[in-house]
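The two complexes that follow have chain A in common; it is paired with chain B in the first and with chain C in the second.
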Partner chain A sequence: MFNRVLAIALNTFRESIRDRILFVVAVFALFIIGSSLFLGSISLDQDIKIIKDFGLTAIFLLQIFIIIFVGANLIYKEVERKTFFLILSKPIKKSEVIMGKWLGLSLTIFLMTALTSLMFFGVLFIKIGTLNGIPYLILAILLGFIEATLIIMISILFSGFTSPILSSVYTVSLFLIGHSSSVVLGIIDRQDNVIIKYIFSVLYYIFPNLEKFNIRNDVLYNSIPVFQTLALTVVYALAYGAALFLIAKFIFDRREY
Partner chain B sequence: MSAIEIKEVVKTYFNRRDSSTVVDKLSIGVERGEVFGFLGPNGAGKTTTMKMLVGLTRPTSGALKVLGEKPDAPEVKKKIGFMPESSSFYLYLSGKEFLSFIADIFGLSKDKKEEKINKLLHEVNLYEARDVQIRKYSKGMGQRLGLAQALINDPEVLFLDEPLDGLDPMGRAEAKELLIKLKKAEKTIFFNSHILSDVEDICDRVGIIDKGHLIAVGTVKEIKGDFLTLEEAFVNIIKKERIKNS
Partner chain C sequence: MRIFFRLSSVFQITALAVLFLVVFWSQTGYNHFFKDRRLHYPAQVFLAPATLVESSSFGFRNFLADVFWIQSVQYLIIEGLLKNSFMFQYLDIVTTLDPRFEYPYLFANLILPRKGSIDEARFLTDRGIEAIPSSWQIPFYLGVQYKVFSKDYEQALKYMNIAASKPGKPDYVDSLIASYTLRSGDQTSARELFDAIYKTTTNEFIKQSAKAWIQEIDHIGLIQSLVFGYKRLYGVYPQTIDDLITRKLIGKIPDDIKSFRFIINQETGMLIIE
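Showing the complex of A and B:
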């Protein structure tokens, strides 16, 4: 089983790193990181903070853009180009294809994240001449990567039954909702109507709470979450990812080609 | 045991407003080592039948068996080869990378994989273009790659949807030669084609389907009857059937 998942993953990885769109996105991220040097130099005593802020945001945006532009196309392109006809007539399960696609795109994002992070740390080192604080930045980037792997699964799920454009729209919507969990909590707190309160509570637990993975601001102010919180965030990602995988598997198993 | 058994198969596609039956009460048996040509006009139900035979889609009713098992059984999928119509590929991969990927799905060992891929690339005359990205291949090269990937696991039963489509006369002759070689190796081949002169040369038996119904089945000689070519006989059979049903 693992061999087949790996074969799909390596194929997805190879296809996506040869896709030109990836390089456009990567150059864009590198440009933001590079320009943070200039912006840092014109700010008053905030240069290090601005470089860190821009670097972390650029890397996160890179991950999200790759998912939106490459991930949304992932399954749909296979059906459109009929490559699925070739693969699914072979001894492979649809769940192995989903897992392989997820792993392949995660590998691509990991590689691009590693490359842009190296540039980011290089810029930082040039500016401050020390590697102090970099482990915390790595932690923030890693949590962003875990969030990205979760969004990949969301994107695969949507691309299994809708067009790339709609899949991108749904993925971005879920991403935005996922980062607005505090707003939903606020609505629940302020609401007196029990039914509305109940509906929003259900929605709060159904939609992914992506803010759990955002420690970028904390890192900028040297406030790092405790180990237990971080461990729970990873467990949350695993549980939510598993649930998304099962839903995607259910959709793909019912689908005919 | 027949290599392929299709019994009373119906395939109906439903949408919100209506439904359309593309295969209707189809029954065919193909013996082991037989080359069976599945013929019919566009939209007759040939590709849908083939998709059901390789487990890509399920019949609405009836039963299909390949090598005695349901087509979606993993054991069956290990023993079949499938070349879809107008094969599509991962365009950024080279021909060799693509075959390597398919070989990995079948779990071929590294040594066996290398040997098999090189042999197939020579057989379909793509060895020189093995490292070229598929997006730069011509249609004929794509067809030959499609045929190569269907043979990677040395299948017992081959399903080929329009394998000679898009090939130039040289390519067609080479592909035909390869199919005849596979026939001699006693592989069961089930294939759809519009090029009836080639069907005549390769097939033991043919079946003709129109609007989802099987309207004729028999040896090439039986189907041809008094006609000089299979093509003439085919056109006549279809016309007669349509007049009968009008």
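Showing the complex of A and C:
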């Protein structure tokens, strides 16, 4: 089983690496990192903070853009080119295809993240001349990567039953909702109506809470969340990812290709 | 076209010069038009509230905080041209998005009181004290501004005391507290504070300053007792401390307190230092 998943993953990796959009997105990320040098110089001596913030944001944006532009096309391209039928005619399960696609795109994002991070650390090292604080930044990037893998699964889930454009729209919407969980929590706290409170509470737990993966502000001030919260965040990602996988499998199993 | 190419080169050069003159004229006219408009219409009439920006940040809080910070630095340059200042709103957004970003609080304390917005500076300072408990600079800057811009020694002392309770604060914060206490009219407490500074500081400059302050407070105390003596002799308080010299209660005002501007409260006789 693992060999079949790995074969699809490597194939997805090779295919996505060849995608021109990937390089446009990478250049965009590098442009943001580069521009932080200039913007830092007009920020009243806050250049280190600006470079770190812009670097972390650029890497995060890179991950999200790859998912939106490449991930949404993953299944659709296969169906359009009829290659999906060839794969399904082999002794392979649809769940293994989903897992392979997820792993392949995760590998692509990991590679791009690693390359951009090296560039980011290089710029930072040139500016401050030390590697202090880099481990904190790596931790923030890693948590961002875990978030990205969760969004990949969301993207695959949607690309299983809609067009690439709609899949992108749905993925972006869930991303935005996932980063607005504190707003939903605020609504729940302020709400007097029990029914509305209950509805919002259900929505709060159903939609992904992506803000917990965001420790970019904490690492900037060399403070990281306690181990317990980090562990709970990883457990949350595993559980939510597995749930998404099961839903995607359910949809793919019932769809005729 | 063929005629044009047959024309003499002198004509062509002249035509080129005329064309460039037209270009120059139209460009200056264009610039002048917009220059006039800029003076009459503010470039900015709206800035989204901090809570709205915060709830729309979608995981990009730090990035947006930096963008708004850079904007606020640039805004400082054009602010004078506008009818309404958005500087507080800018800094409110920055500190809402990234409450641990220390510099905007200091920036607010330097900029806002100068524009008569010390209450807004206090609002941001209170947020900063809560978000960055280790920073002595945030309350210190506001304390100084309360003294400089509004002569509100009560508030100045409040924030100086907060600054003094923080780790890493410099020794002169204690001196300032003692100085503000004196100016707020509490000479006894001020003398005790300077005495404590004199006995505990290891900084020689601060030690000598504290010693000088103790001497000055003693001289102020002497003047105060003469004001009360004046009342006993003449039934009224003197209008100014120069009356003490005129009535030969004292030969001259001690040199070290000559620079102070004293006001005598005509009901209580207490000296107020401006």
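As a working rule, the second predicted complex is superposed on the first by the 257 of 257 C-alpha atoms of A that agree within 3 Å, B and C clash if a C-alpha of one lies under 4 Å from a C-alpha of the other, contacts with A are read in each partner's own complex, and residues count from 1 in each chain.
In the analysis below, a contact is a pair of C-beta atoms (placed from the backbone, for glycine too) under 8 Å apart; a residue touches a chain by one contact, two chains touch by 3 or more.
Only a predicted model underlies this, so the values are computations on that prediction, with no experimental measurement involved.
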Partner chain in contact with A:F175 - chain B first, chain C second, else both or neither: second
First, second, both or neither for A:A7, with chain B first and chain C second: first
Touched partner set for A:L88, first chain B, second chain C, both or neither: first
Partner chain in contact with A:E211 - chain B first, chain C second, else both or neither: second
Doubly contacted residues of chain A, that is, touched by chain B and again by chain C: none
Chain B partner contacts - residues on chain A that touch it in the complex: 3-4, 6-8, 10-11, 14-15, 18-19, 81-83, 85-93, 256-257
In the complex, chain C residues that touch chain A: 55, 57-63, 65-66, 69-70, 73-74, 98, 100-101, 103, 107
Interface residues, chain A side, partner chain C - complex: 39, 42-46, 49-50, 53-54, 56-57, 60, 175-176, 179-180, 182-183, 210-211, 214, 216-217, 220-221
Sites on chain B touched by chain A in the complex: 51, 54-58, 74, 77-78, 80, 82, 84, 86-90, 92-93, 97, 101-102, 104-107, 146, 149, 159
